[in-house]
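Okay, so chain A shows up in both of these, paired with chain B first and chain C after.
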Partner chain A sequence: MNKNTLFHPGLWLTLAVVALVGILPIPGQDAALREVSFTVLVAIVTAGSLNLLMGYTGYVSFGHVVFYGLGGYIGMYLLDSFGVSLPVAVLAGGAASALLAFLLGKGILKLRGAYFALVTIGVNEAVRTFVSTFEPFGAATGIELQFSVYKAYGGAAQALWLVYYMVVGLALFSVLASYFIKHSKFGLGLMTIREDEDAAEVIGIVTPDMKTLAFVASAILPGMMGVLFFFKNGNVEPGDAFRLGVSIETLVMIMLGGQGTVLGPVLGALGYQRLRGFLLTSPLFKNTQLVVAGILLLLIVLFIPAGAVGWLRQRFPWLRKVLA
Partner chain B sequence: MSAILQVERVTKRFGGLQALTNISFTLETGQILGLIGPNGAGKTTLFNTLNGVYSPEEGHITFLGKNVTGHKPYELSRMGMARTHQIVRPLKDLTVRENVMTGACFGHENHNLTAAAHIADEIIDFVGIKANPSMLAGSLNVAQKKRLEMARALAAHPKLLLLDEVLAGLTPSEIDGMVTTIHEIRKQGITIIMIEHVMKAIMNVSDRLLVLDYGQQIAEGLPEEVVHNPRVIEAYLGDPNMARRLMEEG
Partner chain C sequence: MNPGGFLTSLADGLLIGVVYGIAAMGLTLIWGVMRVINLAHGAVMALGMFGVYLLFSGLGLNPYLSLVLVAVAGLLLGMLVYYLAIVRVINAPYLSTLLATFAINMVVIGLGTAALTTTPRDTGFTLGSVSLGPVTLLGTRLVAALVTLIVTGGLYFFLYRTRTGKFVRAVANNRAAAELMGIPSMRILALSFGIGTMLASIAGGLIATFFSFNILSGEVYQQKSFIIGVLGGLGNPVGALLGGLILGALEGLLPLAMPNTWVPVIEFILFIVILLVRPSGLFGEKE
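Moving on, here comes the complex of A and B:
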């Protein structure tokens, strides 16, 4: 790791954007603003994580929400049945998602392009169906936390702030992870696979191992985020945990901001969540936000496939020094 | 001298198509073997079989004393086999330097990024890529892409280099430059197998020639012997006078 990598303005710019979103509600302890920032930060983490697979490695996963849902379920189960502390549950959620990604990766990453994308949808549906009938996870009704769980954190109000601080921390960590992976040897390997997987093998990249590693890396933070989200929510059920629409929205965010860049998923998450907030509260669009997401995706793919940050980097090469 | 590569009765089929039949040869360390034959003779298929892209149905391949039949391309690359592709495969959205770095990072020597960047800059200079190394590889012209392909392979510091038509599509002066580069690569002790249609160049650089036709090995030996072999002339050139003409034209 050389100095230039560490002092790249793009890294600091991205961190500053995330920190700003994170800090905004803290001075005034504004709960409404906190909810807005919370949603954006969760999206930043899931988009940034999926970007490792989609933007760096070139594998599109439509069912990435499976890691968020599974992590959430594992964490909630441990919190509810074993009374573990929140940080332990969060780590366990991340570990469970990583394990699922590792096992899946060995099998399904042999597939390329549309076949891989299709199978990821199937995996999400299969896990959802399994969880819906799995008694220890409460089957179709899911898991509901006892109110007493929050007492350990000084009551529900305090617990919500604690969750929020952890989300801010994870969001900053996800930016650092995206950036340093991109500028590492691992990142160079992933991008070589994205550009030409057959050539990558000939160059000497052990593609099955490297792709599996990318899949695992992209699953950990969503798994951890799932635990925090459902802990804050108080309950988790199959329909909420494995919602395919969430995966599609994450894809839109990445495409909007610019796949394969560090800043792109952050801006995409911010932009898309603002738009979504507007759509949900507007009487005209409130039931059609996914339609808008679909149209947006179509327009981006047709006209600016590189996304906002990618487009700026192509159009104004000097911006490469500023935008990571 | 010892053998770096031994190929014994290698056969490759695609469904009913017999792409390679009983190919056998031994390559001594430090030599240049020229691989020639008409279009569709199986030259690139032989490369793909040697470096693990295809797995042969029959026969054995021994590289550096180890049986590598059916091994994956990345295993062979890590052992020290590098290759270029006939149809160039630049990593378009990565820079020229990053393209070459991949060879140093993931090939035979497994360098870290900093060391790989140094090697890349040296090799870019050595093969004569004039473009700015920070440019995206997709923006190079074909001749430069051919050199990039070679630079990426060389950055691994391979023991055996497979060159697939690196001279095709180049102007005569570019060919002379590339031939000089190939001689310099050989001076570094790298063994080379090259596929080429430019007869003058391949006669000039090869120690031995191997001729394929319809997946069959029809001749193997010193270049002078091979081009006067009647079977080669008949199968490959059709008309004996054509051989002389091609040699003169280069």
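Moving on, here comes the complex of A and C:
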């Protein structure tokens, strides 16, 4: 790792944005503000992790939420049935998602383009319909935590703050991970695959292994995040855990901010969630929130496909020194 | 198990399967001609359902007459969507067209939810039933299967016996070469997209004559179209019809052997396995 990588202002700018979002509710112990930041931070982690696959490697997954849902389910199952502690459940959730990605990776990553996108929809639906009928996971009703589980963490109110601090930590870690992966040899390999997979293979990149590794890396953090989200929620159901719409919203965030950049998914997640919050609460757009989001997505796809950060970097080359 | 029940389940499944089949045919036609996966397919199907429902329950128009209007509207809507959302990104990476059609899906579902709510609807239309020995079939499903076969025949005639149909096939085969021959490829692409959504709206309209539905129902049928399209090989319209029959038979027969909730699990696993093992579909040539 050379010194310039570590001192690139883009890294510190991105970390500062995430830290600001994370710290905002802490001094005043403001629960309402915490909920806002919580939603944004969850989105930052899911968008940032999907960006490893989509932005760096060029594989568009419509099933990213499967890792979040599966991690959530494994964690909740362990918390509920075996009474493990939250950190253990979080690690187990991440490990389970990584394992699923590893097992799937070699198989489905040989498909390219739209076929890969289709198979990820299939994977998500197969897992969702399977979990909906799988008795140990509570089938269609899911898993609900006993209230006593929260006692170990000083009651529900304390537990919510604990979850929040862990989410802030994960979000900061996800920025570091996307930044250092992008500037590593591994990241360079992924971006070569994105530009031209056949050429990458010819110059000696073992593409199946690289892609699988990228898939696994993109699965871990959402798996951990899923556990925290559903622990905070108190219950997990198949419909909430594996909603296809969540995957697509994540794609929208990445497109909005700029795929393949470090700051892009962060800004995209922040912008999308704030816009969504605004639309849902505004009397004018309350019922047509989806329509506005759809039109926005269409405009981005048609007119600024590089996203906000990508567009700025193209338009103002000097910004490349500042925006990672 | 009594053979009558078995045959009835099978026949029911097959009759519904062909209706799924034409929705999938629309999806696969669009893919075959322009390499676009239309994520607004389900939304158009839902509009087809509501078209027939509103014309029938509001104006008292016969559902099959309504279907003609719905089909024309589906064709025009598809061409409009093409010019609004797809023409600019037709040569961009496939993610652009996936997201553009998904954006259309969001807009349609959003407007539909605001205007029509998500309460389940039922046309309450019935044509009695027909008994053949131990097998009893609903009239609406028989007519739906018949309509499907007529539409398929019409599509075949269009593609293989008309000049415009020949253009469509030429563009699907090699767009650059077709353009060099003076074929107006952009107009042909718009028409093809329109025909694809027309098939979706017809399938939706037919489904509305025998199942209850709401504005969100399209998504389930869109996923069935994906499964069927992949079974039959994306880009292969005849394969889509056969794929529809296979899926229909599975949906008819599997519930006899296992709880209903396992059926979609099997369908999606089949979908993944076929994509991995034979991405060109069961009837496609091996790549």
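Just so we're on the same page, the second predicted complex is superposed on the first by the 317 of 324 C-alpha atoms of A that agree within 3 Å, B and C clash if a C-alpha of one lies under 4 Å from a C-alpha of the other, contacts with A are read in each partner's own complex, and residues count from 1 in each chain.
The rule is short, and it goes like this: contacts are C-beta pairs under 8 Å (C-beta built on N, C-alpha and C of every residue); 3 or more make two chains touch, one makes a residue touch a chain.
A quick note: this is a predicted structure, and the numbers were derived from the prediction, not measured.
After superposition on chain A, the partners chain B and chain C are seen to fit next to each other with no clash. In the superposition on chain A, A:121 makes contact with chain C only, not with chain B. Touch criterion not met for A:283: it reaches neither chain B nor chain C. Of the two partner chains, neither chain B nor chain C is touched by A:28. Of the two partner chains, chain B is the only one touched by A:205; chain C is not. Superposing both complexes on chain A places the Cα centres of chain B and chain C at an angle of 80° as seen from the Cα centre of chain A, in steps of 10.
More residues of chain A lie in touch with C than with the remaining chain of the pair chain B and chain C. Of all Cα pairs spanning chain B and chain C in the superposition, the closest are 10 Å apart.
No residue of chain A is contacted both by chain B in one complex and by chain C in the other.
The part of chain B that touches chain A in the complex is made up of residues 51, 53, 72-74, 77-78, 83, 85, 89, 91-94, 98, 101-103, 105-108, 112-114, 116, 152, 156.
Those residues of chain C lying in contact with chain A across their complex are 31, 35, 37, 84-85, 88-89, 92, 94-96, 98-100, 102-107, 109-111, 113-114, 219, 223, 226-227, 230, 259, 261-262, 264-265, 268-269, 271-272, 275-276, 279. Interface of chain A with chain C (complex): residues 54, 60, 62, 107-108, 110-111, 113-115, 117-119, 121-123, 125-126, 129-130, 132-133, 139-140, 244, 248, 251-252, 255, 287-295, 297-298, 301-302, 305. Within the complex formed with chain B, the chain A residues making contact are 2, 184-185, 188-189, 191-192, 194-196, 198-207, 260.
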